[in-house]
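Naming follows writing order (A, B and C), and every chain is counted from residue 1.
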Amino acid sequence: MVDFDLRSANARLRASNPLIQCITNTVVQQFSANVLLAVGASPAMLDHEADAGQFAGIASGVLVNFGTASNHQLLAADAAIDVANAAGKPWALDPVSVGAVDFRTSRIRRAAADHPTAIRGNASEIAALAGVGLGGRGVDSTDEVDAVLPAAAKLAQETGAIVAVSGPTDAVVAHIDGTDHVARISGGHEFMPLVIGTGCSLGAVTVAYLAAARSGLADPDADASALSVGERTTDSGAASARFEAVAAAHAHFAVAGELAADGAKGPGSYSVNFLDALHTVDGEQLAGARVSLSTLPANESVQA
Amino acid sequence: MVDFDLRSANARLRASNPLIQCITNTVVQQFSANVLLAVGASPAMLDHEADAGQFAGIASGVLVNFGTASNHQLLAADAAIDVANAAGKPWALDPVSVGAVDFRTSRIRRAAADHPTAIRGNASEIAALAGVGLGGRGVDSTDEVDAVLPAAAKLAQETGAIVAVSGPTDAVVAHIDGTDHVARISGGHEFMPLVIGTGCSLGAVTVAYLAAARSGLADPDADASALSVGERTTDSGAASARFEAVAAAHAHFAVAGELAADGAKGPGSYSVNFLDALHTVDGEQLAGARVSLSTLPANESVQA
Amino acid sequence: MVDFDLRSANARLRASNPLIQCITNTVVQQFSANVLLAVGASPAMLDHEADAGQFAGIASGVLVNFGTASNHQLLAADAAIDVANAAGKPWALDPVSVGAVDFRTSRIRRAAADHPTAIRGNASEIAALAGVGLGGRGVDSTDEVDAVLPAAAKLAQETGAIVAVSGPTDAVVAHIDGTDHVARISGGHEFMPLVIGTGCSLGAVTVAYLAAARSGLADPDADASALSVGERTTDSGAASARFEAVAAAHAHFAVAGELAADGAKGPGSYSVNFLDALHTVDGEQLAGARVSLSTLPANESVQA
């Protein structure tokens, strides 16, 4: 039986102030850094291939997003992923525009095969990464979140990752002890997709919550193997903790995204309000987020 | 006789939601993406040389801006331009700081020779690209817009592009059926040049309006040759449509830039208001933009 | 006896509108450009290795910040530094995360040995660069400003640079005529470190004030050797002018950072207010900045 304690998840984030290494696209680096600071994490966008692996040894977690990746970022991500996996640190993959163009798709598929702790994308990206659906033309989602849940569950089973699908209502899918669990999180606002980086920065915050969850363990290093997704763990407690962490990140965005609409006259002022709201949202408000838990019937699974 | 219907131009943009590939400088990627979203287009900043050509086949149009171009962007632009030209899709060149330094100048001149649909810069950049004037020291304009109109007309004749000059009053120059047409667009505000990216993102919106104009054709692909600037067309209707599209982009900025001053206390709040205003400006307001049309006397042309 | 005239320093900046070349990390390029525009300077983020040296010949000063440097930026910085030093133009080094990872540390140490006019970082970065302290894990400062002053003085003596340490109260250290002078500047707000780029952009503004101070000389080129830090000058007047310029940049930020809190609901609105305030702060307000001057006892110096 899965259940969430979002108040505690947020408290762990604020208390641990995790250092999140973002190998992410240059369009959203500034916004993602501000978002991480607003929620109580520390950003580092270091992405040189010569240093990225070493820095992953210092960081609490890593985000990999190839939105504008040039070769140094691709090499840096490989190095950082190796170090994160070896240390049992969480890392998330944002498969921006996977399926749209061949070279990028190939690089994203390689990263997805490297055991990410979480994968976060829109519906068309998750469908394309799972090998179903029509592929995306970019950062817009053309499929619906609910329609893609079987593909998300397939991806969760195959990769061991918690899989998050962003949309008007977000969905987070976790495969725990043979069951596909789904958390649906409602909130946000119609202006949200008009602010670049609200999706990409959610990937960064997902890593922050995952890192905080790991820090909440009595001895993170002793439990590294349980939290590592480099090997499929049967530790349902650790898997549930990761599921809760990813859902908490989405709830944080959903609540702040709703509050940000107050007084917003368009996407410019909405964006400003959103950063303010991310900072002021507390555990009490997170506990009140509209999150519903369910399981996916086995017959809804997609066959590979 | 050239005349504009800016209301319809805007309606086409909102209806077609074109996907604009921006190979642009990293300083303004975030702002340009937010601007495109605000006006009803979709941004994609993909700039890897291995993917850029393929992505141009998906995109509705391409912006090329070498403000901080490193080698992968230079190669990506070449690939995207080839694909856009072959498909008759619009692309615009922003010649940032052309004339200031040699390597950049050489690369911008190569791009300018590749038949851009539109060229947008400040007065010193247009003068430098046309081979007259004093050259620029960067993104600031030191020449005046009116003084550079003959150079803009020369550039329009030589490249087949619609040439836009940004300044306190913008000017858009089109060479149609042997006549140099000029649209002067007034608006904006003194804070506008204090917000980085207001020029560069105008280049992106120019592509968006050009793409929307193309989508407004009954069968864009059948008419590709007419709208392609890869070959000089004698189709004055298509040329007028491109002229109108570039002017509409500038009018959209001029109107929003004026509205944005309301309540602005400095460049920070002005920037926020500007994004809000870009989003809320409608066809009615665009139709009320201060746009004046005229022709350039033949003897004002610059001899090459 | 050192004393400051911040009103005149600001007047020189507004009057000279210096062009500042920023070879800086992509996370903060947009913010840094907006900050430079707000204070009355012109930004240029050109960082291609083939052009950077030539552009430094046009620019009034150069900022070097390797926060996300890939190879082209590292090469561009070398070229720009050589040109700036040869011309006696000011340049500043921001040693982001020095000490955290090896390759970056090596590159930053090389740049620090190239006679920067100023070095600006947080306490852990200054300590690491001086070869003392524990090193930083990123852009957060873990050491205290006062504790690092001996290390800053050591760095100032060894490099000839004015050394600035950012923190709740900033400190600027200058070694003039055998004495370590310290200016402590108070202001800002708790939201300031939650806005990415407030440190990095201060480095850019430091270069702007240094360039303005140089422009204030009757004949900058004739006095180039006096202001150049490529050779240790005994011209205490020029050194004092550089000390004043760096302090003025910090005072500008401190005052604007305090004003920006008015009406701020979080880091988003604070950031907007900050850009507004940077623009509106005038010489009168700068003259009222809380700046205290003192000297560092010789026995507080760190032995190498």
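Remarks
Methods note: a contact is a pair of C-beta atoms (placed from the backbone, for glycine too) under 8 Å apart; a residue touches a chain by one contact, two chains touch by 3 or more.
Since the model is a prediction, treat every value here as computed from it, not as a measurement.
Listed by label, the chains touching subunit B and subunit C alike are A.
Two copies of one chain, subunit A and subunit C, touch each other, and the residues they use overlap weakly: the shared fraction of interface numbers falls below half.
Once the centre of each chain is set as its mean CA position, subunit A and subunit C turn out to be 36 Å apart.
Contacts with at least two other chains are made by residues 26, 30, 70, 271-272 of subunit B. By the touch criterion given at the top, residues 19, 26, 29-30, 33-34, 37-38, 42-48, 50-51, 54-55, 58, 70, 72, 271-280 of subunit B touch subunit A in their complex. Put simply, subunit C touches subunit A in their complex at residues 25-28, 30-31, 67-71, 97, 100-104, 137-140, 193-197, 265-269, 271-272.
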